[in-house]
Amino acid sequence: MNVEEIRSVARGSKVFDLGVELFPGMPHIPLHGPFGYSMIREHGDLMYPEGACAAVDTFFCTGHTGTHIDALGHVSKDMKLHGGVDAASAQSKTGGLSKHGVETVSPIVRRGVLLDAAAHLKREALEPARPVTRADLEAAARAQGVRVEAGDVVLVRTGHIRHWPKRDFYHQKGGIPGVDLEAARWLADQGIFMLGGDNFAVEVLPAPSLPVHCHMLVERGVHLLEVTVMEELSRTKTYEFLLVCLPLKIRGGTGSPVRPVAIA
Amino acid sequence: MNVEEIRSVARGSKVFDLGVELFPGMPHIPLHGPFGYSMIREHGDLMYPEGACAAVDTFFCTGHTGTHIDALGHVSKDMKLHGGVDAASAQSKTGGLSKHGVETVSPIVRRGVLLDAAAHLKREALEPARPVTRADLEAAARAQGVRVEAGDVVLVRTGHIRHWPKRDFYHQKGGIPGVDLEAARWLADQGIFMLGGDNFAVEVLPAPSLPVHCHMLVERGVHLLEVTVMEELSRTKTYEFLLVCLPLKIRGGTGSPVRPVAIA
Amino acid sequence: MNVEEIRSVARGSKVFDLGVELFPGMPHIPLHGPFGYSMIREHGDLMYPEGACAAVDTFFCTGHTGTHIDALGHVSKDMKLHGGVDAASAQSKTGGLSKHGVETVSPIVRRGVLLDAAAHLKREALEPARPVTRADLEAAARAQGVRVEAGDVVLVRTGHIRHWPKRDFYHQKGGIPGVDLEAARWLADQGIFMLGGDNFAVEVLPAPSLPVHCHMLVERGVHLLEVTVMEELSRTKTYEFLLVCLPLKIRGGTGSPVRPVAIA
Amino acid sequence: MNVEEIRSVARGSKVFDLGVELFPGMPHIPLHGPFGYSMIREHGDLMYPEGACAAVDTFFCTGHTGTHIDALGHVSKDMKLHGGVDAASAQSKTGGLSKHGVETVSPIVRRGVLLDAAAHLKREALEPARPVTRADLEAAARAQGVRVEAGDVVLVRTGHIRHWPKRDFYHQKGGIPGVDLEAARWLADQGIFMLGGDNFAVEVLPAPSLPVHCHMLVERGVHLLEVTVMEELSRTKTYEFLLVCLPLKIRGGTGSPVRPVAIA
């Protein structure tokens, strides 16, 4: 970018915030762990000279809290990570993953494309367990006038985020709408870098064997972005944008909470 | 941005990673708290059908761990936050800050300017406790051919990051180089949005009364970005860039670990 | 106790330590969470006058880490806790259990009885999934010359602790030896206060519906003590003792790590 | 203890609970860290067959949270731990203390003696910064008709616990009453094992150089027990008892939360 482009983007573009807030009691995958928070010191607890004071807090969470990216090493198939890496020897309890940890993900600054399946199917949100198929995606892309290209981040909107942050976001009776294996395979074939969902697994649930996770993370090396907020992109029909997502470099981490943005 | 600009930035730009890695045992401000990590489940602990398995981890840290942004509410002066907000009534131990918490910071997509004080003063790193003055900054800007503008994020390089992640990053004998109050005041007068340092307090230390923190956060509403890695920007003489910094929306948080990028 | 008894117990008794060590990377139930640890400040980080210095640490864990007690509210059956309490309305994500939390457990100072099933069956450790039956317990008690009485804490030894702290403590192929439902029922009929195991669920596993947990915690109000070290009690044939177990009063907690002792 | 003594203690003794409750937002030393809590899974989140369900929680805290014991390695003087151990080489950020960690403390089952300084001085609570002197302790012991003996745990009551859990427990204007150095020295000379206070530092504050901590932990190898609740012991004039205190064996830990009891 030259200095004029920088100025133009910095001052003339619209930034969409695609991340959710993190707060005590927020919902999460029941098999994972919660978000906890406390101040260490409040204002007034420890005074510096001349009336200065600093409040400091602490929190705990998993790498898959709220809006988050899955590192490639998050999932294994037959105890193999992406690229045939042996999972058992590439992990330790206190050190995490020695291969495909989230700290190996470069800052993501890529073309982003929204495929608004819910809008295309004229639903506020897709039905529980409704698969988003390759045909759905191709039809939505056509209707929207966009093409998926190599290197893209593709966001698939099901409308499920409207349950956020209620308990049924993770517990909806009958399942969760999401992409099916064939759709994921087609997206990977286009050479995309990351696939994002506004649900918590990207893929349609129930899916006890996690076929889309296994296909994308293990077989194809395509990252997943989960609990992504796409409502304003949908409302404004913003289908192409610069997607910036900056995972924390947690050494060996299986994922990282993020706050992605779409710049248009 | 139109679709051509998006493609051009996504494919043709250089992205500088300004954040540090997070890992167990990493150094931190001694008055704050540490980073801790453990896997919850390793590959093999809980098998799904067809050989699928997901590893999950958890971590704890403060909002001021590694590279991080200070929320305006991080610091008070005479028990007042920015805008005269009463600190005592705007905080709670388990809920954090009800005003000026880090979740109120919009995604930062702004013009960034590096003022390379260390290079201008022909030092690998400035001396312990060396103040970076307004005159230093004006001279560096002139020599680099850049101007600070309203809305910018300004990064001031002292070279102190070369101590990262050694213990003396936080404990250097004799103090830490950083901006002094007059320099901070001048930058705030230019209308900048955030001031970043490659040290851990932005300001020159020792400074028991935190004058730059009080001035910027409390009096001027200017954010601080700390432990920022600027070495490659310096080496490549990249002085203007698009600065993207995406704090996690920790409700009520006094700060957030971030991984800022410079796009040029 | 009068002052002579106090002196006599304090100076003349033998104390058996029944708890395990807590350390980063220690094994745990895969569906729970890990133990994490870090120093906040090491010696030398923050000096007080005259060369004084204090090191401080922090840790995270679940209420079911290492040797621990289950609060009655840990388990529900058909969404009811012990005494017919409605589980849904007696819990909150950030506040825990409003009924039957671990803080409601009085300090446990009771007669303890070891029933050494492994020794009685002439095994170093019982076979995977070997149920300890009522007949086993009655025969062991007879052979040992002890009786279970109302108010007792009964410890049932299977020998499984020899896998601690190896991975197969929680993952042994073929299951884990432990008491079966009939044995638990008989013990509850004797009016015991708490049942301890040297395995991690007290009950024989696999047991997908947790029948012993449901029976003891929900139906009978009998606590469970898990991952209890009984090896030295067994070696010294110490079958009766004063059992002291002092759960942390974690408000609303589902359990607490403990370090029980047997005094004899 | 023979079986009759066991029965007699288990059924005929009175147990005093000397520990405080742990809860989110509870007060703590401002330079330490907070207690945080969250359920991982609530009842209903993950159902097992036949209506069984288990709720699980997690918490974080420091080793010095609420009622707690100080490991000998908690404090150094001129970078030496008890016994001349070099502090710098006996510690690591992620592993804690390799010498004098809290896991090396055997279960504490000892004669306990209450020296009720507040009652003897006819105060509900001693004045801020009021030192409890050797003369105070000797006079209280005489008046109570008790003697301190080698191996004892001595509890010194100042009445300060009445501020628990209010903010001024840790922040009382003018200081905190507690034992002074001469009193501590005298107690150590009697050969006691541990000294307990109903305040948070045992010693009178302010005391920037922590003389009692340095003397007891470093020079004499005497443990400290802090935030101990002695009100009921005082009310019932129970001056001698069996003191049982069972620190968690946190490997390398600088301290452990505990729930001590007095049995009488």
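Order of writing sets the chain letters: A, B, C and D. Residues in each chain are counted from 1.
Quick note on the criterion: a residue touches a chain if its C-beta (ideal position, glycine included) is under 8 Å from a C-beta of that chain, and two chains touch if they have at least 3 such contacts.
Keep in mind it's a predicted model, so treat the numbers as computed, not measured.
Distances between chain centres, each the mean of the C-alpha atoms, put B farthest from subunit C. Put simply, subunit B has to spin 180° for its C-alpha atoms to lie on subunit C, with the angle rounded to a multiple of 5. In terms of their C-alpha centroids, the spacing between subunit B and subunit C amounts to 46 Å.
Per-chain Cα centroids separate subunit B from subunit D by 40 Å. We define each chain's centre as the mean of its Cα atoms; on that basis subunit A and subunit B are separated by 24 Å.
Counting only residues that touch two or more partner chains, subunit C has 24-25, 31-34, 37-40, 46, 58-60, 92-94.
Across the interface of their complex, subunit A is touched by residues 24-25, 30-41, 45-46, 58-60, 94, 171 of subunit D. By the touch rule above, subunit D contacts subunit C in their complex via residues 1, 3, 5-11, 13, 15, 17, 19-24, 31-33, 37-40, 42-44, 46, 48-64, 73-79, 81, 87-88, 91-97, 103, 106-107, 109-111, 151, 208-211, 213-214, 240-242, 244, 246-255, 257-261, 263-264. Taken in their complex, subunit D has these residues touching subunit B: 24-25, 31, 33-34, 60, 92-94.
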